[in-house]
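Here is the structure we will look at, set down as structure tokens.
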Amino acid sequence: MNTIGILTSGGDAPGMNAAIRAITRVALAKGIKVMGIQRGYNGLINGEIFEMGRDSVSDIIQRGGTVLKTARSEEFRTPEGREKAANMLRIFGIEGLIVLGGDGSFSGAQLLSNEHGIKTIGIPCTIDNDIAYTDFTIGFDTAINTVVEVINKLRDTSASHERVSIIEVMGRRCGDIALHAGIAGGAECVIIPEMNFEFDSLCRSIIETKVLGKLHYIVVVAEGAGKAQDIAERIEKCTGVQARATVPGHIQRGGMPSAFDRLIATKFGATAVEVLVEGKSQRVIGIKDSKIIDIDMNEALSIKKTVDKDLYHLANNLSI
Amino acid sequence: MNTIGILTSGGDAPGMNAAIRAITRVALAKGIKVMGIQRGYNGLINGEIFEMGRDSVSDIIQRGGTVLKTARSEEFRTPEGREKAANMLRIFGIEGLIVLGGDGSFSGAQLLSNEHGIKTIGIPCTIDNDIAYTDFTIGFDTAINTVVEVINKLRDTSASHERVSIIEVMGRRCGDIALHAGIAGGAECVIIPEMNFEFDSLCRSIIETKVLGKLHYIVVVAEGAGKAQDIAERIEKCTGVQARATVPGHIQRGGMPSAFDRLIATKFGATAVEVLVEGKSQRVIGIKDSKIIDIDMNEALSIKKTVDKDLYHLANNLSI
Amino acid sequence: MNTIGILTSGGDAPGMNAAIRAITRVALAKGIKVMGIQRGYNGLINGEIFEMGRDSVSDIIQRGGTVLKTARSEEFRTPEGREKAANMLRIFGIEGLIVLGGDGSFSGAQLLSNEHGIKTIGIPCTIDNDIAYTDFTIGFDTAINTVVEVINKLRDTSASHERVSIIEVMGRRCGDIALHAGIAGGAECVIIPEMNFEFDSLCRSIIETKVLGKLHYIVVVAEGAGKAQDIAERIEKCTGVQARATVPGHIQRGGMPSAFDRLIATKFGATAVEVLVEGKSQRVIGIKDSKIIDIDMNEALSIKKTVDKDLYHLANNLSI
Amino acid sequence: MNTIGILTSGGDAPGMNAAIRAITRVALAKGIKVMGIQRGYNGLINGEIFEMGRDSVSDIIQRGGTVLKTARSEEFRTPEGREKAANMLRIFGIEGLIVLGGDGSFSGAQLLSNEHGIKTIGIPCTIDNDIAYTDFTIGFDTAINTVVEVINKLRDTSASHERVSIIEVMGRRCGDIALHAGIAGGAECVIIPEMNFEFDSLCRSIIETKVLGKLHYIVVVAEGAGKAQDIAERIEKCTGVQARATVPGHIQRGGMPSAFDRLIATKFGATAVEVLVEGKSQRVIGIKDSKIIDIDMNEALSIKKTVDKDLYHLANNLSI
């Protein structure tokens, strides 16, 4: 392995830069040349490729987003697009490609390997934590800390007005942000796509806690399980208690990465280089039971993400 | 002056607690009894009144919201409601009332003074900074710091995706949050209700800066001047550049108050007590040209808030 | 199990309140009475014990420190002291005691169990992460985030002056804070008590990176491995490069707990109640390989904490 | 005015970058060439000068420190050094020089003007706020927010242990950081160089508040008025209450600038360019009574900074 390439693809996640830094520094220490590819698969097709030195990754560990930028690529979905991409990799002498992104980005990497024999390694980066083979994806810990901070701010004003606050967080199919941030934020109710939810019992609980003198009631809902604005309106109508919706939106993707995200990103990045050097391909890196692992990309993509039901029930028990 | 009352009314603002603390401690030091009135004018009418000791305000200086809670009161808008309120003040022996809130809360205080001879003092608390007689209202500095933090987080992800970010901030009639946070956050464009705005020139600027290689373009819009979602859609349609809307909403009202807000809140609170002790009534406290002032409530309510045009033009010059 | 007691002992750690909240709410939901014991074993001896309702733990999940307060107790080290403590537990009908603290606090719990048959459960709380049987202690994640934030602030000023910054962090025998925060903060050098360290090679590295144009050089040292001030003076003398020492001290113990600490604290607290209900005693709760575990207290105290050498070497590789 | 130069000198202060950005963008908008001078007067002497475009100041408004770096210069204190500096300015065609720094930096600018006819403008940047002619210096608001955050963190742990916390903050001759942060942080005692202080009355107050059941007692001391460690030891000895010292040190210089600092920095920078364009020299920019001012450098340096005694007495009244 003389030259490797790095690209970030799909939605950005805080900690991507820490992974880029670790890949670059560990590879350089092994005498491997590192090429940064800008704007994901799109930039690869267009040849937006430049050599990275140790300075290219100075002072980036603390920055959100990705210095390599990211983009979605329609062209890469076609065999022709992937052929162009493979050509670019050959032209620039890139023998192994490390892809930072989510499920979709890994599928792209897999096609590139299958069709053109490129060695690819995936690093899971998504704030949603919706990838099943790994306990944590890069960006998730930062996102839940961001949401917890949002809940803190809303709690002040919500308690002063004795209102219900409904916070809609990211997570289309996966309620992990809502569940973890809800528990950590001390939310009274968590609504996620994986679990049934009874609106009437929420209203009953709001009224009961109000009667007990509780000043605020916080509901965290994953975007895949409902719209905050709708829920707020229904609550007001049903309970007569004021309810306000907040949608932090893209704030959740940004911000300085947490220590945890920087640490796993650093370990994932270092491991990705080692796995490539060992000659492996089509592997994805992750953390399982506190250990850094690499598993087959195919297998990884086939594992179905499930929700931690115990944690969900704990959330409800704590709000009583 | 043997006994004073404090109430917080209207929307809450970070720093209200610092003012409550200063009023309480300064009054107690002067041998004056302090009564806390909960839930604004509504609570006053209902007799939700309790004596405050120095412990009642321990460890609250750093907390957002208001420990006295706040509420809007329809009943207080009627002469009968205000009579009930005046009776409560008499029953509890409250000779002077300090009202923390905005314009509307001051109007209420004025009616109470005019109709029932109650001595009232107003302290300006609103994140919007929409009160003309004072350079700063309590809560404004915290709110702009919160928005600046939001801009920081959006900048990361916005730059990674090379998108336009539109952030809709509070301010129905007054663009101060948008203007100050926009400049401090390094926004490329600020849209406020007080100034005309040309959509085409925004689009031209987005395209020009894109061509120059700029990775992100941040627009801050006051809620009174447009909806972020609409603007995002129009920008995408007109320029072809991806645009994303974020509405931080009630987050802007919450959070730990900034040092500046705690300081002016402390000074305003201390001054309010002194002004009451001097026997004055119907005065509002403020800060003008770095000096703490008290002026006639009537006069204060008649001054029209204007925007700082130089600052607005500076915002535009800096984005070039 | 009709009544349980909770006490916090030794140094405080962010997240203790989240654990107290979970214990209280989960126990109440099971119909168990909860008694809060103030000021650790000292308060237990003195009978500083009060019943806790669900309101006692409202709005504490986000607060650092411990609402039960903590103290060291000389008297509890004597058999007479422990007899008094056991009497108090009997008087107040406390059948099971949950102790939040570190090694020393667990030893106390064990003696109480052995000598007086009290059922005890330990929950590991210490920012140092110096307890071997668990992957993480409550407070550690918050502490490393605090140190990472300190490093961020120092980086700004350090780079502007092109100085070396030496940050002395907590950890007398255990370098985990230094190691994790050092990597996450992008430090160039980490000095911990568990590993030998060559001063000359540090100086060489400072000079080499200076020559390469690097603006700052950050050293994180665990208090057990050296004094920041001494190291700064030696570096200046040896390299001629300006060096500044910073000792964040007790800041590391404070602050709002991170999402991660709140989550494990919540899980540990809930599990501690369940383990007590199952009739077990002398168990400590922890997290191992992502699973919440309970193990024998004796066994737990006998496991020796070791440093993650791979992580230490990774830290050095990344700084090249 | 065809070409201007910018340099940052002395200690760095958060907000310097916002001023550099404003100077650059406003000057470029007026068709003036901008030269950045690195490492203060030292870099000027050495010709470390480069042309700045609008991109040179992209994404720096939110960063602490100074992108131009700073250094102290012995050589510039000599007439020969200043002659070299003046030559460099001529060689690079710099007609007007904007100096960001404190008193010492302004004296240097004055000598350059007097001896070599260079047009100079000063912008006050120092976290200490020790410059008399301006109400605020750039960096002060950020520093007090940083100290307030430190106090918050210490309060948690201090209250849990019922200890006295002594925080030593920057300010050799000027107690403004201690005074403002002390009030905003709710400190019980503020010790500053400008005011006499009785140690016995501090001890009496500690004991009195302890008896009243107060959990913590926070003392903020300016470095020019005492060492935190000494004070802690004396308190323990005299009162028997545990006391802990914390010295945040250079943390106070770093961090993201606050909104307020970014705003005044932006205004100061824009005004500095305008003043130069008007042909003025030896002026310093500031804010007085909420207005941006420029006054004669000589006069500015002769005004003696005094402490706000009312504020000092308010601090004491609030702690009762």
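When the chains are written out, they are named A, B, C and D in that same order, and each has its own residue count from 1.
Rule of thumb we're sticking to: a contact is a pair of C-beta atoms (placed from the backbone, for glycine too) under 8 Å apart; a residue touches a chain by one contact, two chains touch by 3 or more.
Here the structure is a predicted model, which is why all the values come from computation and not from measurement.
Chains that touch both subunit C and subunit D are absent from this assembly. Farthest chain from subunit C (centres taken as the mean of C-alpha atoms): B.
One finds 28 Å separating the Cα centroids of subunit A and subunit C. Distance from the subunit A centre to the subunit D centre is 39 Å, each centre being the mean of its Cα atoms. Per-chain Cα centroids separate subunit A from subunit B by 35 Å. Multi-chain contact residues of subunit A (touching two or more other chains) are listed as 152, 155, 159.
In terms of inter-chain touching, the protein chains here make up one closed cycle, each touching precisely two others. Chains touching one another form the pairs A-B, A-C, B-D, C-D.
Against subunit B, the residues of subunit A that register as touching in their complex are 8, 12, 14, 63-66, 69-71, 146, 150, 152-162, 165, 215, 244-251, 253-255. Residues 18, 21-22, 25-26, 28-29, 54-55, 58-59, 61-62, 135, 141, 144-145, 148, 152, 155, 159, 180-181, 183-186, 213-214, 256, 258-260, 262-263, 266-267, 270, 288-291, 311, 314, 317-318, 320 of subunit B are the ones touching subunit D in the complex.
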